[in-house]
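Next come two complexes, and both contain chain A; in the first it sits with chain B, in the second with chain C.
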Partner chain A sequence: MRRSDLGEFEEVVLLTVAVLTPEAYSVVIAEELEQQTGKTITTGAVHAALQRLENKGFVKSEMGEATPERGGRRKRIFMVTVAGSRILHEVREVRNSLWDRIAPQSLPQINIA
Partner chain B sequence: MLPKEQKPDASPPRWPDKLLERFCAPHLLEEVMGDLHERFYLRAGKVGVGKARRQYVREVLSYLRPYVFKKEKLLYQKNLTIDMLQNYLKIAWRNILLHRLYSILNVTGLAVGLACGILILLWISLEFSFDKFHKNLPDTFVMMKNQDLSGTIYTGETTPAPLSSKLRDDFPEIKYVACTGGFGQHLINRETESSYENGMYAEGDLFNILTFPALMGDPVKALNDPSSLVITESTAKKWFGDQNPMGKTVRLNNTDELQVGAVIQDVPNNSTFKFDMVLPFRLLEQKEKLKWDNNSFINFVALQPETDLSLFNKKIKFLLTENLENEKVELFAYPLAKLHLYSKFRNGEPVGGNIEMIQILGCLGIFILLIACINFMNLATARSERRAREVGIRKVMGAYRRLIVGQFLSEALLMTFLGLALSICLVNLLIPFFNQLIVKKLDFNFTNWQIWSSLLVIGLITGIVAGSYPAFYLSGFQPIRVLKGVVIQGRWAARLRKGLVTFQFIISIFLLITTIVIFKQLDYVQKRPLGYEQENLIEIPANGDLSKQFAVVKNDLLHIPGVTSVSASTDNLLQLGGGFTDFSWPGKNPEEDFKITVTWVQYDWVKTAGLHLLEGRDFSPDYGSDQSACLLNKTAVQRMGLKEPIGTIVGENNQVIGVVDDFVFNNPTSDPEPMIIFLRTNGLGHFFVRFQNDAEWKQRIAQMETVIKKHSPTYPFDFHFTKEEYQMQFDEIRGIGNLTTTFSGLAIFIACLGLVGLSAYIAEQRRKEIGIRKVLGASVSQISFSLSHDFLKPVVWSFIVAAPLAGWTMQQLLQKMDYHISLAWWMFVLAGVIAAIIALLTVGFQSIRAALANPVDSLRNE
Partner chain C sequence: MMNKFQPPQFADRLLEYFCAAHLLEEVQGDLHELYGQWVEQHGVKKARWLYIWHTLKFFRPFVLKRKELHNPTPQTMMLHNYLKVSIRNVLKYKTFSFINVFGLAVALSVCMLIILMLADQKGYDQFHVKKDRIYRILAEPKDAKAPYATTPVPLANTLKNDYPAIEASTHLIQGVGGEAIYQQRMAEMRGFFADTSFFDVFSYPLAKGNSQTALQAPNTMVITQALATSLFQEEDPLGKTVEWIDRRLPLLGGGPGDISVPWGLYTVTGVIDNKNHKSHLTFDVLISSASLPVLYAEGKMTDLSNDWPNHFQCYTYALLYPESNIQDLTASLHDIAQRQYAGLEDREDFQFSAQPLMDITPGPILGNAPNHGLPLVAYYVLASLALIIMLSACLNYTNLSIARALTRAKEIGVRKVTGALRKDLVYQFLSESMMTALLALGLAIVLLFFLKNAFMDLWINRHLRFELQENMIVYSIFVGFALIIGLFAGFYPALFLSKYRPVKVLKNIGNIQPGKLGLRRVISTSQFIISLCFIVTSLLIYRQFKHFLAFDYGFSTEHIINVPLQGNDYQLVTNELQSVAGVSTVSASEYIPATGTNNGTSLRKAGSEEEYTYFISLPADENFVENLEVDIVAGKDLPPAGTASERFIVVNEAAVKAFGYASPAEMVGLVLDSKWDSTDLEVIGVVEDFRIDLPMNRDETRPMMLRNQPDLFRYVNIKIASGDLSGTVARLAEKWKNIDPVHPFQYEFYDQQLAATHQGILDIVTIISFIAFLAITIACLGLLGMAIYTTERRTKEVGIRKVLGAKTFSIALLLSQSFLKMLLISIGIAAPLSYFLNNFWLQYLPNRVDFGIGTIVAGTLLLLVLGGITIGSQTIRAAQRNPVDSLRDE
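After this line comes the complex of A and B, so read on.
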């Protein structure tokens, strides 16, 4: 069964793939996310999300070259597909329009550095 | 992004990797493992090896997700349907045609094995179907008794007649009870002809208990009327042809007029109790007073459903003892369903019966099938290199191992079903001979779906047993090796092959020894000194009028030239039924008791039968006191411990006037039993005539017929040579002997088929070697010896295993008989030599052919 909606974690992973293209694979994505969020992100979680994204058609993948730190094993490189790009844009638009419609005083003030 | 300071031991822990290799789908393993390792080194550089290792475990565990487990779908899986199967069958068929010799050997072996299996299956299913046609079988019982005689318990199904009314009146658990008796031949006179028919007397409720469907009339009503009888369909046809049999009158034993009251369907082949007609029991009751001590009846009982059998048996346990004087007899109800298969009792407990034969036969059948399967396995694996390339190519083209397993299994199944088809033809041809061999009536009913489905199951099982080992063996070839042309047959495979050949010969030699011992024993028993002159002795059954006129008949018979002596007895010398217990003699210890067989005879009995008098004299008309005198046999004298038997008073005031030497009666293999002989001058059912054996014996019998016919015109003349009757007792043993001969022959035959194949293969394999040997000067005999002696080894080994096994088994068998041979070494040696010679001849043919081949042919191409 293929769901066409995008989960939160999936969205983040998909964005990260876009950021890291053309060198986007599980390990660097996980590292990047760890840096950005400060939480521990396992490659397993990232791998699973990428697998789901691929099933939904938002990313495509191919095997890249092998490196010594991988014990001579190849890595799987991910790229955002057209469908992926479209859904990212859609999500962004929805968010933007929602942000635009927030009245100035309706959000409690917080300090952003 | 190489880590900066990588210590030599800075590697991820091993066990999570192993775990991952276990659970991760193969197509994901590379990237996943790579990711994990890369991340590990990254972490090790940042936070240290220890922490990285701990996190590594967490990382690995984070992959425990369903999608990681799931294996990639096989690429060509969908195509494994008709197309691939067609290809397999096509290749299998081509292989069969290409290697005709092997195919014929295989199919023949399997067919013979399967034919044996089918025949045995038919037999077993016949045995199991016995009495199953009775609708109320679970509630149907036969009354049986356990009689304690000097510590030995004798179990029998004969009970007294008054038991039936006692049971009917006093036990509410009983729905119906029927007493039957008078089993055997009865004379029936119709308007013009007369004949003996197999029948019995029975109470009407018999037909409420057992299921023998009526075609005309009501058998229950008919038997309640003392003047009507029940006959079977074929008896009706025999007596009255196409006329309506109902109401027709016949004369029974020249005394009673009976009307046909009902016609029932013929008694099925698989009924323990067989008869052509049933006579009213009340007729028997009218004639004589049936007492409690007359144990010659069988009582059938139908219990109310859901009666507790053990409770009921407890209630009736002493029913007989209550009505008898000082006899220890326990009564019990035994299920009719078990009577056929479990009819042997020891110490009052069922210990087997026909079921033993079934088990033995079942094992035999399985073993023979196994021998045939082994042939298939051996030939397939031995010749595997012929198929090795095919396996290699298939694998390279993308066949998975299980597809190749499937291919070879389907090939084995194809072979098996070819064999099965052939075996069905064989069985159809062989059934008449087989029936003669085992003295049974099997039939192969093609319309029976159960037979078809069991055949199918047998075929499938055989195919899978025969095909699975070669399939796994062949499919295990590594493509890279076999395509390079290196097929190294594992030593293990060769050894297994030899082991299997040995196994085949163990069975064959075992069966051979069994056959030899059985026939030797049969011969020994048949040549046993009988204690009387069996040659030139005729027994004439005498019923009714004839037995009353003995004196006149004897006189007339003695006038025939060549007739030397005439006498009569209640029994026919071979089967002596009656017996006493509780017999008394002087000096008897009250604890001691044995069954003494009794028979009543006419004057001249000793002379006519040709018995040997050890002491005293025969009965003689010169002594009026002989009416109460008796003869004893030697065993009786010994058991009673009489020092001076002549003149001793035994039993109820009977004086012993003579001692006859023991003679063989009832079971020809048991020790003589004690016997007492009384004089009786009328009503003896068997006349004996001793006559000279010369050219005119046939004429003499014709003269006897005239005499008998004169005195008893209504009876058909019937006579038996005692010797022939005696020989008939061996039919069963002979049947078993024939059976083991056949099976051992077949076992050897199938095993030899395998040997032919194997030796042909070996000779083919060593073609070049033989060529070179010949070029270098080896003689034909040397070469054929070097080829053959390899095959002699398994035979020798199997002899070493089979001989003690067979010896032990045969010893057990022989010890069950009193009169038996002792095992001799030559029996074993003979079996071994036969097996070795047959094996050598089989192999030798191939070896000599290989050795005779011109070396040029084998060495020309290199």
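After this line comes the complex of A and C, so read on.
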């Protein structure tokens, strides 16, 4: 059974792939995520998420060109598929509608820098 | 950006090993890219660690290789097949499998015990940080049988000061053996004098105190945790002052001890935590060498600090610089020997040598060794006995495998026809034998448990302190050893079986010969030869043991107990114990005859120029002769101790003979002088010969003199008259508390003491007879296997013979014939062989039992009975079977 829902980490990875396209591969995705979230994120974790996303059909991949810093090994470039795009939009829609329905003052006030 | 440095290769290989092929390229590429960044950020060293760490973090389910992702190679497929076939074979022929597995397991367990012993010994002194650079210095006088572990006292300092190869050296001076007294508590302590360099060389951890200063000041001491606990219990030992009463107790325990002498007050400056640190050095206490000058001045110790000829009191250890080697040390030692001993006549060719710390346990036989331990040569002997058994078990495997060639012939033929090369078949049979060996290993580990306990119960282990602990290293050695054994046992059968030509085999099975019968006979015969030799040897040693036990010492030991004086005045002890109910007489002596100790002196007729005659000298009081029921043949007994009593001696008949007198009476009144002191001695009486030497050390009784010297007495001998032995001993112990409240009452029954001197022989009997038992068991198992096989193969023949009218007995005989012949040949060879081999050592043994034909006949009968039962069990059964059953088999 292939689950078609999207985990939280998977969601950010998928978004990052979209951000970095056409140059999205594991190492830069991990770097980007670290910068954005401020948490330590290992390539291994990103790899695992990308594998799951690919299995669910949300991303597709192809082998890119080889570079010297990779010891002559090729990288796998990821792109968001139509299904990926759809699920991202769905998720966003759900969130937006929820945000819209929050009454003013019902969230405790915080200062966002 | 280029990677100047390769990431760690083994991590790459690890990744390649576990990572699925379709992911490998990108994962590895990622890691390499990251590595480049890490090198820039953190430097190479950290980057390498990160690389390894991140490689390990890729150990995630999605990365791992899946089974379905890689196809099994033909090799692994065949291996599976081999294993399956061998398991089926083991299960199908249960009897043969049992014989093989059991035989190998028994032999393996013996070998494993020896591996355990060696592992224990190799575990000694491993905790020293600089263990590979530490050497013990040995002294080698020209004519000594073995080098001495002790060296001259000044050697350590000379080495350190004058020779550049030596970083540090330390001496351990003997002479600490007495009691430590703190408030009302007393504890025995034995050990050495040592200085601060002790901690430069060795790495004993100090639980308390500072190792740099602990042994610096005079009258300071470092004690072990065990002594600290018994002396101070809960208190902090550091800084406490202890009174030291010296009793000249020997380092290695035992000994009656000398008269107590106070050696002053000592402050505890350190506590060594040596509980988990096995070392060849055993001590309870180290006293600072700085305390010695005072002891020298008071005359309590002899000052040897510049005495080069005396090499009996001090152990020397040297620590070399990392860049120096043993040759440098040896050269230095030669130089010292040359300079110190050049002029000395009796130290000609005196040499020193260096022994690496790691070679001490197990090591060669040494004089004055600071530890009890089996010498290396004992391990060689034990290991060769074990290997003989192992060989015998391997031969069983070889033998049975070849004998069963017929049953495997078809399989071999089919395998070859379907394309197996000879090499493949060799692999198959070897994997089979190794599997058998591993099965045997499993059984052997169970057997080892029992064997270990039996071994630890041997008398000798009261002295050797073996700790036979298995650990991972030992287990991996076991597995490795088992595999080697499997390889060895299966080697010949594999070569032999794989040789069969498929066409021949498949065409006509009946025609192949199951291996050369000659070779198998030789193997089996040699097994029985070995067995018989062991049986005869163990019987002989046991008879010798019995002979020693029944030895006539010439005195009576009945109801005599020996009590060490433990430093108390003998007169007081005698008077007090004499008054205890149930005690008949009390006498005193310096040592106990025939228990391994004796002293000697050299005497001749006073005023003559004759050669001196060696006399055993036994200081004893006036009741000694009567107490031991030795008859006086001429003159009278020793006088009670008094002013002139030390002039008179009592000698034995051997002395009369040595001086050439026809009758003992002629010797009475003779005045003798001693080579060693100026006192003249007058013979006042002559007693019958009795034993002072150990019977296993000497054949004849040597001349002996008794002399009443109360200062030297160390034991009282108490004869108990009443039948109530234990009650009397209890009353004696009660009385002892009044005499000496500090030391507990110690006693030994004299007859048990004498028996104990032969316990070592009993251990040898136990070991050899156990080996004999194993040898005969394995040989019989092999014979059983062959008998089963032969009778099975000849079932049809037996049936036809019976139908034609043969008697059961004649058939059994027919089937047994070749085996019986084999047994007889082994006996024919082994009987004379064991006779000669055993005479080899027996002739050097004093007071030997006569090696009659009886021992050999007994051994032979045992072998015949066991072999006969083994063969008979199969052949008679086969002969009794109803021919209808066997002929219907087709």
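One rule holds in what follows: the second predicted complex is superposed on the first by the 113 of 113 C-alpha atoms of A that agree within 3 Å, B and C clash if a C-alpha of one lies under 4 Å from a C-alpha of the other, contacts with A are read in each partner's own complex, and residues count from 1 in each chain.
The definition used in the following text is that a residue touches a chain if its C-beta (ideal position, glycine included) is under 8 Å from a C-beta of that chain, and two chains touch if they have at least 3 such contacts.
The model shown is predicted, which means the values in this text are computed figures rather than measured ones.
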May I ask you to decide whether A:V19 touches chain B, chain C, both, or neither, giving the answer as first, second, both or neither?
neither
State whether A:V94 touches chain B only (first), chain C only (second), both chains, or neither.
neither
Looking at the overlay, does A:V27 come into contact with chain B only (first), chain C only (second), both, or neither?
both
Under the contact definition given at the top, report the residues of chain A touching chain B in one complex and chain C in the other.
25-27, 42-44, 47-48, 51, 63, 66-71, 73-76
Okay, in this complex, where on chain C does chain A touch?
1-3, 23, 25-34, 36, 54, 57-58, 60, 62-63
Over in the complex, which chain A residues touch chain C? Could you list them?
25-27, 42-44, 47-48, 51-52, 63, 66-71, 73-76
Considering the complex alone, what residue numbers of chain B touch chain A?
1-3, 30-39, 41-42, 55, 58-65, 67
Contact residues on chain A for chain B in the complex?
25-27, 30-31, 40, 42-45, 47-48, 51, 63, 66-71, 73-76
